[in-house]
Each structure stands twice: as C-alpha cells, then as structure tokens.
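Consider the two complexes below, in which chain A is the common component and chain B and chain C are the respective partners.
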Partner chain A sequence: MESMNHGIGVDIAFLLLATLAVVTAWRVFRTDSMVRASFFLLVSFIAVGVIMILLAAEYLGVAMFFMMAVEMTVMALFMVMFMMNPAGLNPMNMVHQERISIGAGVVSFLVLSAMALLAVFPDRPVSAGLDPVRSLGNEMLGDSMLIFESAGLVLLTTMIGVVVLSSHRGRYGAATEGSLPPGLEPGGDPAGKPEDDEDGGHHHHHH
Partner chain B sequence: MNLEELVLPVLMVFFMLAAGAYTVAVLDRVIAGALGTPQAGSVWIAPLARGAWLMTQHANATEAPDWRAWRLAPALYLSLAAIGLAVVPWSGSLVATDLATSVVLWGSVEALATVVIFLHGWSANTLFALIGGYRYVALGLSYILISMFVLIGVALPAESLQFTQVVASQGELWNLIRQPLGLPLFLIVGLGMTFWGPLNLADSADLAGGTAAEISGPPRLVWDVARAAMLVAFSGVATSAFLGGWLGPWLPGPLWVVIKMLAVLLVLLLLGRLLPRLAPERCVTLMWVVLLPLSFIDLVWAGVGALL
Partner chain C sequence: MTLATLLLLAAALIGIGIYGALSQQSFVMLMMGLELILNGVMLAAVAFWAFSGAGAPEGQLLTIIVMAVMAIEMAMGFALVVAVFRGKQADTTESLTGLKH
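Then we have the complex of A and B:
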C-alpha cells in the first residue's frame, strides 16, 4: 500500500462510520415500527454518505444526505398510510420469509466477500488537479444526459402510476364506495357507526 | 494545523449558535415591545432568565414515548442549525467549512430538518404532537423544493456549488437585484422551516403547541434555542446567497456579514410579529400553486441571465 497519504483520523472515522452503518442497518430489521425502521435506514445511509465524502466523492456523499432524508420520510409516511399500523408506534414484526432471506443474505455476503478479497482492483491514480464535482457534472449532463433524464422520467412515471393504481384500495374498502370501518365480528356491522333510524328525524325540530 | 482546521471552526460555530440564539430572543422582545406587547423585565436579561428557569424545570414525560428519538430530536435540530452556520462564509478565507458542495449541504440540512421535526412530533406518542409532525411533513416537502430551485438559481451565475464562490460571483451585482424573486422566496422558506410567525403550523397554538406540546424543562430550552439558531442560519445563508456576503465598502468583510444578517433577522422577526398565522390547508395551496411556480420563474430567470 504505497498510496496511504491520508492521516490516521480518516481511518478511525471510516471504522466508526462503517460500524454505525452496519449496526443501524441491522436495527432496521430488529425494531418493531415502520417509522423507526425507516429512520434507522436513514442513519445507515448517512454514515455511508460520510464514507463517500472520505473517498473524495464530495457531491455524491452530500447528495446521499438530502436524497435519503426526503426518500425515507416519504417511505415512512407511505408505509403508515398504506399499511395496517396508522401511527407507526404500535409494535409489529418487521421480518417475513425468513428462510429465503437468510439464504439470500448468506449468498450475497459470500459473493461480496469473495469479490473484495479476490478481485483485482484497477490502480489508476487521478491527477491532483481533478475536480470531482465538475467532472461528475460533465459526465451526468454531458454525453449521458439523455440516459439519465429518461431513466429519471421513467422512474417518476412509475411512482405516480403505482400510487394512482393502488391508492383507491383503502384500508376499509375501495375509496369510490366510501370507507367504512370493519365490523367487530366477522361480517358484522361497521364498528362505531350506529344504525340510522327508519325516519332519521330524531334531531330535526319541526316548527 | 489542528488548531486552525479543527478547533477554530468549532469554536466559531459554537459562538454563532449562542450569540445568534440570544440575538434572536432579544430582537424579538424589542420588536414585540415596540409593537405594543408589554414585555416583563429587561429585554437583555429576560431571555437568559427564561433559559436558566427552563434548566431548573422538570422534563415532562408522556406515556410510552420513543425516548431516544424524543430526547435526540431537539439536539439534532440544533446540530442541523450548527451545520448551516458552518457553511456561512465570513470572508473569502474565514469560513468554518469551505466544502466544494456547501450549497448542496445546506439543501441536506433543510431535508434532514423535515425528518427531525417529524420525529420530534411522532416520538412523543401524543395526539397534538403527532398532528404537528405530520403537518410539517406535508408542508416541508414544498419548502424544500422552493428552496432548492432558488438556490440552484444562485449557483448558476457562480458556476459553483460553493458559498464562497456564490458570494464572489456577486461582485458586480448582488443576487438580490439580479434575481429579485430569490430572497423573498428564500425568506418565506426560512419562516416555514423554523415554523416562525405566520408559518408556525407545526408548533402552533391551534395544536396546543404541536410537536412541542409535551416538552418542558431542558429539552424545551434546546428546542427553542435550536429554532432561533436555525433562523440565524437562514439569515446567514440568505446573506451569502443574495446579499453579497462579505462584499461591501469601507468596513471589514465579517462586519458586513453581521450587519446584513441582522437586517435579514430584523425583517424575519418583524414579519413574524406582524402577519397572522395561515391556515395549513391554505398554506399548502399557496406553496404549490403560487410560490413553487414563482420559484420556477426565478430559476428560468437565473438561467437566461447566466446565458446572456
């Protein structure tokens, strides 16, 4: 390792941030609330973003902060809106399909470890005068602009489409039919909705 | 080397946090007094006395809150204000963090503030705080978008995402005049993100205090200081982005920054005392239907200006 020209502080920071990223990512699956899970994931991403800044990817690291902040907020809120746990503070199990997940986790860990240990990484030091922010901007908004812009537009269309297609199915039935809470017993009358009287005129005052 | 790179910037930011929050408290009391609201005690001593009183008070507890998030949220909001103050340049060389992407870092501060304010309301596990948190998220997304377009506008003539470059690009003409829509929009975002005055919708009286309905004692002190410090950070960023930062005749640069920041704070606090609070539904409409299109116009204006 001849290119170790950074201080010990960078190494210590990397180890602390990597630990934080792994521990919070693990907490995502051990916590019992969707809001907590989202924001543990956000902390993990922020730690990765700081590691990217340590790797001199200044724009990508900082972009990670604001992209993930908005993304995790929206994700937490959409999960609360679309799922059965309105406030997000009630406990719920965050894991399912455990056998497949364990298998997938072990396989991807082995593949990534093998790549880290066995792959031959290119050693092409860039010139000291390179401005990473400017060169990234030229890359994204230069020749590759059409690809990035069309990918972004497709993703946006997909997101809006998914919300439009799924949002009419509410927690208590289709939105077009009006939402009624489920009955206290299966097939029973909606809970908390007293049945109207035949004439419905009890509260009207006739003069 | 460590002294200049680590200790001085940290000291600078801590000084700004304390002095800035105190200035906001004093200025707000002076303005309230001038507008006819009687103020008890001296305007100079009263904020300190309130802070000392809050320190001695008991920190309230609710039934089964998310303790970590609830106690951390005020501290995190204060840290975000500190990050904002760290990117404000005092002169061409005197700046706590002269990151090449400091404009984007400020954008992240705004985005992360949404998370922290939501967590503050959510983690108390009580009704009004939760409504305040959700209300802020609904509004916060539009604040972030408006602020982002306005800030891209000031980065265009500078051809840089660095606040020192943004200031340097205003040597001939301040962005205040070059992009007349920018500063008003940015100040509205500032009032919104600190939920101050007319845009105090997250911690408003109609929600019995909103996200802060259940906090007392030291956490309340940190939350109040953090909001004031965030307002100062906004005035610092507004100064650098639109008012030419340290540029100005006769006086030294840092003094110009202080004068301009005080002027922006004065405008913000006056607006906070003079305007009535908006209804949240109307505020969402105002943001998306009026102010967001205005920020598009500001960006197109800036783009055309940069091309010419």
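Then we have the complex of A and C:
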C-alpha cells in the first residue's frame, strides 16, 4: 500500500510473524502435551497481536496480549486439572473424522484465500492524522456506547451462567437433585440415565 | 504487508481452526480450534479497518466485540467441561452419547 508508507522492516517483521502465527497454530494440534498446546496457541495469538500493532491498532494488539496471556494460563491450568497426559509423556493423537476435518480446513482456507485474492476491496487506508486509540475510545463511549454496554451486560450474564453451571450444589441440595431427563416416548423410561447404569461397566469411559 | 497477505494469513488461521474444532476429541482442544477461528476473524477485521475502512472506529469496535465473544466462549466452555466432568467423568466428545440416535 503506497499510502500506508511503511518500510521494508515492517514487511520482514510481518512475514516472520505470519510464519510464526501459522506454524504455532498448526503445532497446537500436533504436540503431545496439552499444556504445550495451550502455550503454542498463546504464541500464535501474540504474533497476531504484534501484527495488529504493526497495523497501527495499538490498543487492540496490547489488549490481545493481556487477554490471551491470562486466558491461556487458565487453559493450561484446566489441562492439568482435567485432561489425561497434560505433560506429553506419552504420544497423543486424539482425533476423530480426521480426513473430513482436514478436507474442511483446506477447503475453507482455499475459499477464503480465493476471496482475499480475487475480490476487489476498496483501497482506503487509515489516514496519517488519525489517532486510533483516541478514535476507538470516542466511539466506545460515544456513538457505540449501547453496543459496548451490551457486551458488558452479556459478560455479566455469562459470569452468572458459568457459576450456575459449574456450582456443585444449589441452595436446596445437589444441582441435579430429582431431575430426570424426559422419556423418549410419553410415559416411557427416562432417556439416558438408566441405560448409563447398565452398560457403565464395559463402556469405554471410566468411572 | 498488504490487505491480501493479511487476509491470506487470516484464512490460514481460520482453516487450521476449523480442522482443530472438527477433529479434536478432547473438549479443551476443540475449544482451541474455535479460538483459532476467532483469532483469524479478528485479524481480518483489523486488516479491513487498516486498509479498506479508512480507519472508521467501528472496525476496531468489531474486534473488541469478537474479543468479548471469545471470552464468553472460553468461560461457558470451561463451565460446561466442569459440569460434564462432574456428571460423567468424561473429557472427550466420544463419551457423550445422550443426543446420539
């Protein structure tokens, strides 16, 4: 872009960061350790954050660093708590429908990159006088305040929902107390539960 | 660094994310695939903002909203992992057969 007016250094940095982002994103699904996978994902996000800073969206890039650092740390903790093999001591390849997945990934990449290369997008780069952080702040607390506040409200709702979902017991006993799934036919046996008790012994999930 | 190269990078991230979300058996690995898709979406939004949107602030706002979506997805995902693990001791998608016909 002639009017973006950046040097060769930015291009080299972008090339390195783009390679880093794609390679680490790929390694997420190719490493044996789930903890390492979450840190690979973190590196991919940080590379994208630096690219955002190169694009003059400083606030978004830095917000990305902070948010993803915390998020991936939480993710690594969850790996250690819940998952088998978090340290990668054994080889791990836990995938299903892999051919379809590879096909879907490749097809979506090809379609999206064909759009990126063939479509004609307007060439209207950021003007040199614009202060991106100031304009974002004015937008969030100005014209788009309702959208911004709605996002906050949705986050609050999420917090309440998360507590309800993950709490061990409700005020009047266990969270699942007395709750039975409805029958498959009217008056029939509850779906799911009794079946689970019968074949729990030789099923592949462990109790 | 042009709009086309940035969109290509975003497409690659989205493609890898779709592969991960469809192929992984572990819930948390599946969520990583979803995160990668949103990573590509945010990059594409910032790229359009920088090269095609003349710096309109709504472009940056869209990225903030996607970040909020990402936080919600992570929080709800982990809560569901906890709930499922409590109920079934399960950590892979294969162990949940309740909705299978």
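Everything below uses one rule, namely that the second predicted complex is superposed on the first by the 131 of 207 C-alpha atoms of A that agree within 3 Å, B and C clash if a C-alpha of one lies under 4 Å from a C-alpha of the other, contacts with A are read in each partner's own complex, and residues count from 1 in each chain.
As a working rule, a contact is a pair of C-beta atoms (placed from the backbone, for glycine too) under 8 Å apart; a residue touches a chain by one contact, two chains touch by 3 or more.
Treat the numbers as computed from the prediction; the structure is a model and nothing was measured.
Undergrad: Could you look at A:66 and tell me whether it touches chain B, chain C, both or neither (first, second, both, neither)?
TA: It touches chain B, and chain C stays clear.
Undergrad: Tell me which partner A:39 touches in the superposition: chain B (first), chain C (second), both or neither.
TA: So A:39 only meets chain B here.
Undergrad: In the overlay, work out which of chain B or chain C sits against more residues of chain A.
TA: So, of the two partners, C touches more residues of chain A.
Undergrad: Would you sort A:112 into first (chain B), second (chain C), both or neither based on which partner it touches?
TA: Only chain C; A:112 stays clear of chain B.
Undergrad: Which holds for A:58: it touches chain B only (first), chain C only (second), both, or neither?
TA: Only chain B is touched by A:58; chain C is not.
Undergrad: Same chain A residues contacting chain B and chain C, which ones?
TA: In the superposed arrangement, which is not itself an observed complex, chain A uses residues 59, 63, 74 for both chain B and chain C.
Undergrad: Would you tell me which residues of chain A are touching chain C in their complex?
TA: Within the complex, chain A touches chain C at residues 1, 4, 6, 10-11, 14, 18, 21-22, 25-26, 28-29, 34, 37-38, 41, 44-45, 48, 51-52, 54-57, 59-60, 63-64, 67, 71, 74-75, 78-79, 82-84, 94-98, 100-102, 104-106, 108-109, 112-113, 115-117, 121-127, 130, 132, 135-136, 138-140, 144, 147-148, 151, 154-155, 158-159, 161-162, 165-166, 168, 176, 181, 191-192, 196, 204-207.
Undergrad: Considering only the defined contacts, which chain C positions touch chain A in the complex?
TA: Residue positions touching the partner: 1-20, 22-26, 28-29, 31-33, 35-36, 39, 42-43, 46-55, 57-58, 60-61, 63-65, 67-68, 70-72, 74-76, 78-83, 85-95, 98.
Undergrad: Can you check the complex and tell me which residues of chain A touch chain B?
TA: Spelled out, the residues of chain A in touch with chain B are 35-36, 39, 42, 58-59, 62-63, 65-66, 69-70, 72-74, 76-77, 87-89, 131, 133.
Undergrad: Can you list the chain B residues touching chain A in their complex?
TA: Of all residues in chain B, those touching chain A are 64, 66, 69, 99-101, 104-105, 107-108, 110-112, 114-115, 118-119, 122, 125, 130, 134, 137, 140-141, 144, 161.
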